[in-house]
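In what follows, chain A forms one complex with chain B and a second complex with chain C.
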Partner chain A sequence: MARLNEEVKTILKSKQTDILDLWKKHLFTKSKQLIELIGLDNLNQRTTNFLTQFIDALSIGDDISQENYKRTREFLSDLSQEMTQKNLTPSETAMFVFSVKDAIFPLLMAEFDGKKFVKSILLINSVIDQLGLVTIEEYLNSREIIIREQQNALTETSVPVVKVWNKIIMVPLVGMLDSSRTELMLETLLESIEDTQAKVAILDISGIPIVDTLVAGHLIKTATAARLMGTDCIITGIGSKISQTMVQLGIDLSAVVSRTTLEDGLKLAFEITNQKIKLGE
Partner chain B sequence: MSDIAIIKIGNKIIVPIQNELNDIIAEKLQASILKTIESVGAKGLIIDVSTLSIIDSFMGRLLVDTAKMAQLMGCETALTGMRKEVVLTLVQLGLIISDINTSLNIEDGIELLDRIIRGRND
Partner chain C sequence: MTNIQRDKIDIPVTSFEEVILARQLVRELMERLGFSLLAQTRIVTAVSELARNMVVHAKDGRLTATKVTQGARVGVNCIFQDSGPGIEDIDQAMREGYSTTKSLGLGLGGAKKLCGEFNITSSMGKGTKIDITEWVK
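Right, the complex of A and B next:
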């Protein structure tokens, strides 16, 4: 395992203030937004901390998965998470680490030459690159978490089953109907059929922008399942555009009753369940 | 030996299947259902599967076949009370039981059969 030469380490330690100044100068020109988000006081503290930890860790080894880099890694992860939440681009966050190179290399260049110089440069270079990747990985992780949370929120609210009337339930479908949502819809629908013992289920697809063969397949599957439980399925909200595309695509929905408006669907549902509404005076 | 009750009410027969059947007993049940239809001259048959949590492809086909056989003998069939797990598996496996009347429960099944039988006589 390669590690930093003692001599180089002493130099870096003694020149720490110079490095810091140079580094901050680079940060000011390259990642203004980052500095704005962190704040000037905070920046001083963070850069100092980072540099101290970094130089100490360098003198032990160059494998950043080791214990000596633990604090540096955690520091960068926290920074990246914070910046992601504040909508900073991952390149700017990574620039925070990468600009350390611009601060250290000129100093080393002035102090050494030849083999020792190249060796130290290569070592520092490889470690900083790895640390840069840590920030990007953390960025991706934070994004993943956000995406997962949103997905959960979406699935939770995506399939409401509404009891409209005695023995009539309705599922208003909004957005794209993919396989996983169909599964969810099917399950929720069948569950509420079991609970409410509804005789008619109305699937309102007014909120579905495009009905292709796949979506139609899902609808038919749902209707068949409801039918097996003993509940009739009515599909409403089939507008002119959807009916056109359906016929052009050769989708056969004849197994399912369909209506243009929810109103007509409801009327039909009342007929099927032998119910009438009397409007009072 | 199958110990499944075959109950006659009016012009209908009700068969509540209450435990999972193996293939042999299921076939025996089919035979005795048909025999009962023949002997009492039933016009309607209700098979209630509300307590079954599994209906496999064999059972599914057997039920559809029984309905078709009963139809040949002039008896309408309704399959009642299929549970949601059962329906989900059937649909996911693509084993769609079509050509058979289904109802939420026995009560609805009786109503449905009454309607069909009445329509037929008209």
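Right, the complex of A and C next:
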């Protein structure tokens, strides 16, 4: 494995302050946003730390999965995570690493002449490229986590059970009813029935674009389970297109009471529970 | 998601998310071709059934949907192709209430009733191909 030339290493160490200054100069022109987000004091500390760790690790070669690069990698992962949360573009974060080249190469070239140190330059180049990729990968990971969190947040809010009136609850269903969501719906609904002692549960499917056999099967299962607890299910929000489609598809929902509008469903629910609303004069 | 208007849809259907995507794309295409809302609902329901069948029974389903014309007539054609285990007895599979999983057993037969033209070919161990066409009335 290629190792860093000892002579180059000595130079890098002795010129560390110069490299640092040049690097920061580049950062100030190229990565203004990043500097604003990190803050000046913080930037000085971080760039110094990074450069020390980086030059130390360089001596073992360009395999950044090695233990020596661990701190450098962790440093960049943390930085990338932080910048992702602050909505900085991944290119700007990667530029933080890439601009180290602009600081090291001019110094090395001024110091040495000829092909002697081409190997060292290639080595440093390769390491910095890989480290740049580390920040991009971390960016993707952070985004994945955000997406997953949002997905979870969506499923959690997807099955709200609303108590409408004494003994009457309602579940507005929206979007795609896949197996995991139906399970969640079934569980939440049955728990609410237990808690509220509801006698009627209204399932409003106005927000479901398509009722295919899967959705129908889930609805029938839910109604049957509620029935076992002594609660009637009313399905509302079946429009003309969906009703025609369901008939053609051969879905038999006759075991479940259904109405076109939520209003009709509510009226029926009041009848079933023997309640009347008195309107004021 | 891209907003590119496509007259040809060619997507893999291997997960339930892709079933939703398939439904959305076919609905979009039909809307552009001038299908009525009822026809859209019917065909998209059929697409939902057939696409999900591919996810449940095969692992590498693919949906291609295209605009077709015949003289002045305009229509949509969807092909569901997979290389799953195949269907041993198509007549039995089409029958109401028949299911190898615990579903209602209405999907395949129902999908046929929902579409104008419906063709199914299947060979054991090689896969199944379902070809549906619907014309704008």
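Convention: the second predicted complex is superposed on the first by the 171 of 281 C-alpha atoms of A that agree within 3 Å, B and C clash if a C-alpha of one lies under 4 Å from a C-alpha of the other, contacts with A are read in each partner's own complex, and residues count from 1 in each chain.
In this section, a contact is a pair of C-beta atoms (placed from the backbone, for glycine too) under 8 Å apart; a residue touches a chain by one contact, two chains touch by 3 or more.
Bear in mind the structure is a predicted one, so any value in this text is a computation, not a measurement.
In the superposition on chain A, contact of A:Glu187 is made with chain B only, not with chain C.
Of the two partner chains, chain B is the only one touched by A:Ala225; chain C is not. Residue contacts after overlaying the shared chain place A:Ala216 against chain C, while chain B stays out of touching range. Note for the complex: chain B touches chain A at residues 80-84, 87-88, 90-91, 96-98, 102-105, 108-109. By the touch criterion stated above, chain A contacts chain C in their complex at residues 176, 178, 209-214, 216-217, 220, 240-242, 244-245, 248-251.
If you check the complex, the residues on chain A that touch chain B are 186-187, 190-191, 193-194, 197-199, 221, 224-225, 227-231. Those residues of chain C lying in contact with chain A across their complex are 16, 20, 23, 37-38, 41-42, 44-45, 48-49, 52, 96, 103-104, 106-107, 109-111, 113-114.
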